[in-house]
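One chain, chain A, links the two complexes that follow: it is found with chain B in the first and with chain C in the second.
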Partner chain A sequence: MESLISISNLNKSYGSKKVLSGVNLSLSAGQIVGLVGPNGAGKTTCLQSILGLTDFEGDISVLGHHPRKDRVNMLNDVAYISDVAILPKWLKVSQALSYMQDIHPNFDLEKAEEFLAKTNIAHNDKVKALSKGMVAQLHLALILAIDAKVLILDEPTLGLDILTRRQFYTHLLEDFYTEEKCIVVTTHQIEEIEHILTDVAFIQQGKIVLAQSTDDIKARFNLVAVTSEQIPQADELQPLFKNSMMGLTTMLFDNQDKETLQGLGKVSVPSLADVFVGVMNKETC
Partner chain B sequence: MNTAIMKASIKKELWEFNGMLKWVPITLAGVFIFIPLLSVLLNGINMQAVLHEVGHIAEELERLTQMQQTDRLSEIFFVSAMALFTPFIAIGFIVQVYYFITCLFDERRDQSVMFWRSLPVSDGMTIASKLLTGAIVIPVIFFGAATLLMLLMLVLAFAVSVILSVGYDISLWSWFANAGIISGIGYIWLSLVPIAVWLLPLYSWLMLASVYANKAPFLWAVLPIVALLVIEAIVVHYLNISQPFFGHFIADYFSITPDHMAELAIEQEKSRSAALGILIAQIDYRTVLVSAGLLFGAYWFRVNKSEA
Partner chain C sequence: MTPQWDPEKPIYLQLYQQVVTRILDGYIKEGEALPSVRKVAAEYQLNPITISKAYQMLQDEQIVEKQRGKGLFVMPGAQELMLDRERESFLSHQWPEILNQISRLKLSAEQLLSANVNNPVEG
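Up next, the complex of A and B:
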């Protein structure tokens, strides 16, 4: 597959504080990658480096462009949503559409208007008069109307209610995503988007601790509901994560033989949230 | 430089400051129109006294015309036009200062800078469009408002002249013919670019404060200069240096002294070309060097200052 974003040995420090440390990632067309990590893990800095919004050490290539040296040309094919609050309050919807059409070579006004027609947003509305959800919809309309090859979303649904969040990702899949495009998304609500992700990269303290396709992760990790008498045996297999609740203990195992695990209890496929908690737990132990 | 993107960027600036750029000149023009009207309504009008005064002015103007003193007539018009333009230029300058202080600060305060910087518009283009908006477009709006008011007054003057000519046999037509109305207004408009170039170091400094400050950009614009002048004054006082460098530099560059004006006016004999000459004389190598340095600083901070 064609690599759209290639990150090699990315490092970034703020003063003496190291924020990113030796990050390596390669993202290809067709991938929807979740960049997941706890607060302060370096997700936003990583995305800002990809977008050329901050300086960095290492090599990044986005669609063949250097994000710092060739930012404007790169942004013709890269779209970005930071969070719902960044559209200026004084901006009118009609002005946003007009400005995008004037400055963006790949902006499709009809597509944006088509999307907005499905919402309650009027052309004369100002951003300050819109609810958080409507601002997100407007921002999405502007971004979806760009025929971008790479879409970068940094906590795009932060502060939105669950209905708007689901609507947001539905539109993303239906109106934007194709096999030729790549989407990178960071979110805290990984359980809400895990069904749309093709790949996941877990980041902790500036380092990528796991980067794999969701299919491989599901094959690699197993969640076992261990009976109380099997706990000592299960402990010997060094679970990544152990949770006891109401007399039932669940354990997450990495790369363990499935038949052995079945002997300990009921084996199921863990959610990405389970794997995330397990991997983060392992890294901090 | 892509002119379509520049136009779109300037349009965006005008949208952002739409309220201020629309209502301040309209209010100012309204003051000029309604205060005289209000005065007439409250105090009444003594038609006899007005006619006497107008007749006297008409005679004086006629005398100047007969003496071939057309230059004097155009000077009178120019000075009157300047009197009308000056409040617009002064208020426009305050608006410009406000614009420059907030133009790069507000977008960081509301975090919309992340949206603007996610679009394919270079930082150089953004700085240039904001500079052009503040230094040229805003003065054009205020000059335009003053010109429209001037034209309105000229239309009124024309109507009054018709009435005086037909009803009272007082002729002001020779004044209209010799006042040099278009060239007078033209001279004022010509000063727009020299003013912008002369004040470029100030505008650049305000933009630098706007892009650098995380809070209170006005204080960032004022306090460093004040601190520098105070420290320099102390150093000069204790080291017995002949004169402060920065203090002298700033005072010399931005002050147009009466001596300077008189010198140029005598040289050029006409106040309208003298005004233009004074402005152009203020522009020198310092304008280019200081502005270039400060603008590069504003650009550098725009590119490198992290907004995360």
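Up next, the complex of A and C:
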């Protein structure tokens, strides 16, 4: 697959506080990548570096452009929704559309209007009259109408109800995604989009601790329900995570032989959230 | 609506099986189109690659065929093909196990035939 974003040895400090250390990531066309980490792990800083919104050390190439030196050209093909995305309260929807059309060479007004027609947003509505969910939809309309190759979404569904969150991803998959594009998304609601993601990068304290396709992650990690007699043997295989409940201990294993694990108890496939919790726990131990 | 997926099996296989079952049960008829990858992805909240994989399997097994620019269509004879295959698989895999269980439980033909088949007990 064609690589659209490559990051190597990305470092970033705010004063003496190191927020990103040695981040390497390569993102290709067709991928929908979840950048997942606890608050303060460096997700937003990482995205801001990719977008050229902040200085950084290391190398980043986005569609062959340097995000700081070649930002204007880069932004022809990159779209972004920030976690603090706000539109001016006094702005009318129609003004937002014509503004975008004036400033962005790849903005497709028809596509934005088509999208808005599916919502309850009217052209002469002002932003201040829209609900939080509608503002998110308007944002999405403006962004999806840009025929971008890279779309970066920082907590795009934060504070939205489940219906609106679902609609957001429905539109993303139906109206935006193609195999030539790459979407990067950060979210805390990982269980809601786990099947949408093709790849995941877990970030903790400024470091990428796991970056892999969701298929490979499912093959690599196993949950085992271990009975109390088997716990000593199971412990030897160094579970990432242990949780005792109602007579069985659930353990998360990384890269252990499936047959050996079956000897310890019932093996099952963990969710991405399980893997996330396990991997994060291990790193802090 | 998003279906409940079995976490133990790859979703593309479950999706493939869903299409096969719906063809068998006649919900999707021969000559009918499958919904586009995009549509299924949006509706089921799955990544499109998962759906492409399932659709590719259906194509490889000649259950559906691609019509240029129009999408995938269930092939004529697909239902019969599925029936044959599922019969074969039942007779060679499930049936011997069921037979074993019947003889283990010493069930007679009369008992089996008089059992209420309209209210099968989940086991």
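Keep in mind that, in the parts below, the second predicted complex is superposed on the first by the 283 of 285 C-alpha atoms of A that agree within 3 Å, B and C clash if a C-alpha of one lies under 4 Å from a C-alpha of the other, contacts with A are read in each partner's own complex, and residues count from 1 in each chain.
Keep this in mind: a residue touches a chain if its C-beta (ideal position, glycine included) is under 8 Å from a C-beta of that chain, and two chains touch if they have at least 3 such contacts.
This one's a predicted model, so the numbers in the text were calculated from it and none came from an experiment.
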{"item": "Clash or fit (per the criteria above) of chain B with chain C on chain A", "value": "fit"}
{"item": "After the two structures are overlaid on chain A, angle v-u-w for chain B, chain A, chain C in degrees (C-alpha centres, nearest 10)", "value": "140"}
{"item": "Chain touching more of chain A, residue-wise (chain B, chain C)", "value": "B"}
{"item": "Partner chain(s) touched by A:271 [first = chain B, second = chain C, both, neither]", "value": "second"}
{"item": "Partner chain(s) touched by A:174 [first = chain B, second = chain C, both, neither]", "value": "second"}
{"item": "Touching partner for A:86 - first (chain B), second (chain C), both, neither", "value": "first"}
{"item": "Partner chain in contact with A:99 - chain B first, chain C second, else both or neither", "value": "first"}
{"item": "Partner chain in contact with A:51 - chain B first, chain C second, else both or neither", "value": "first"}
{"item": "Partner chain(s) touched by A:195 [first = chain B, second = chain C, both, neither]", "value": "second"}
{"item": "Minimum distance between Cα atoms of chain B and chain C in the superposition (Å)", "value": "26"}
{"item": "Complex interface listing, chain C residues touching chain A", "value": "5, 7-8, 10-11, 38-39, 41-50"}
{"item": "Contact footprint of chain C on chain A as seen in their complex", "value": "30, 32, 166, 169-171, 173-174, 177, 179, 192-193, 195-198, 215, 218, 268-269, 271"}
{"item": "Complex contact set, residues of chain B against chain A", "value": "4-5, 7-9, 11-12, 15-16, 18, 107, 110-112, 114-115, 117-122, 304, 306-308"}
{"item": "Partner chain B, residues of chain A touching it in the complex", "value": "14, 44-45, 48, 51, 53-55, 71-73, 75-76, 79-82, 85-92, 95, 98-100, 102-105, 139"}
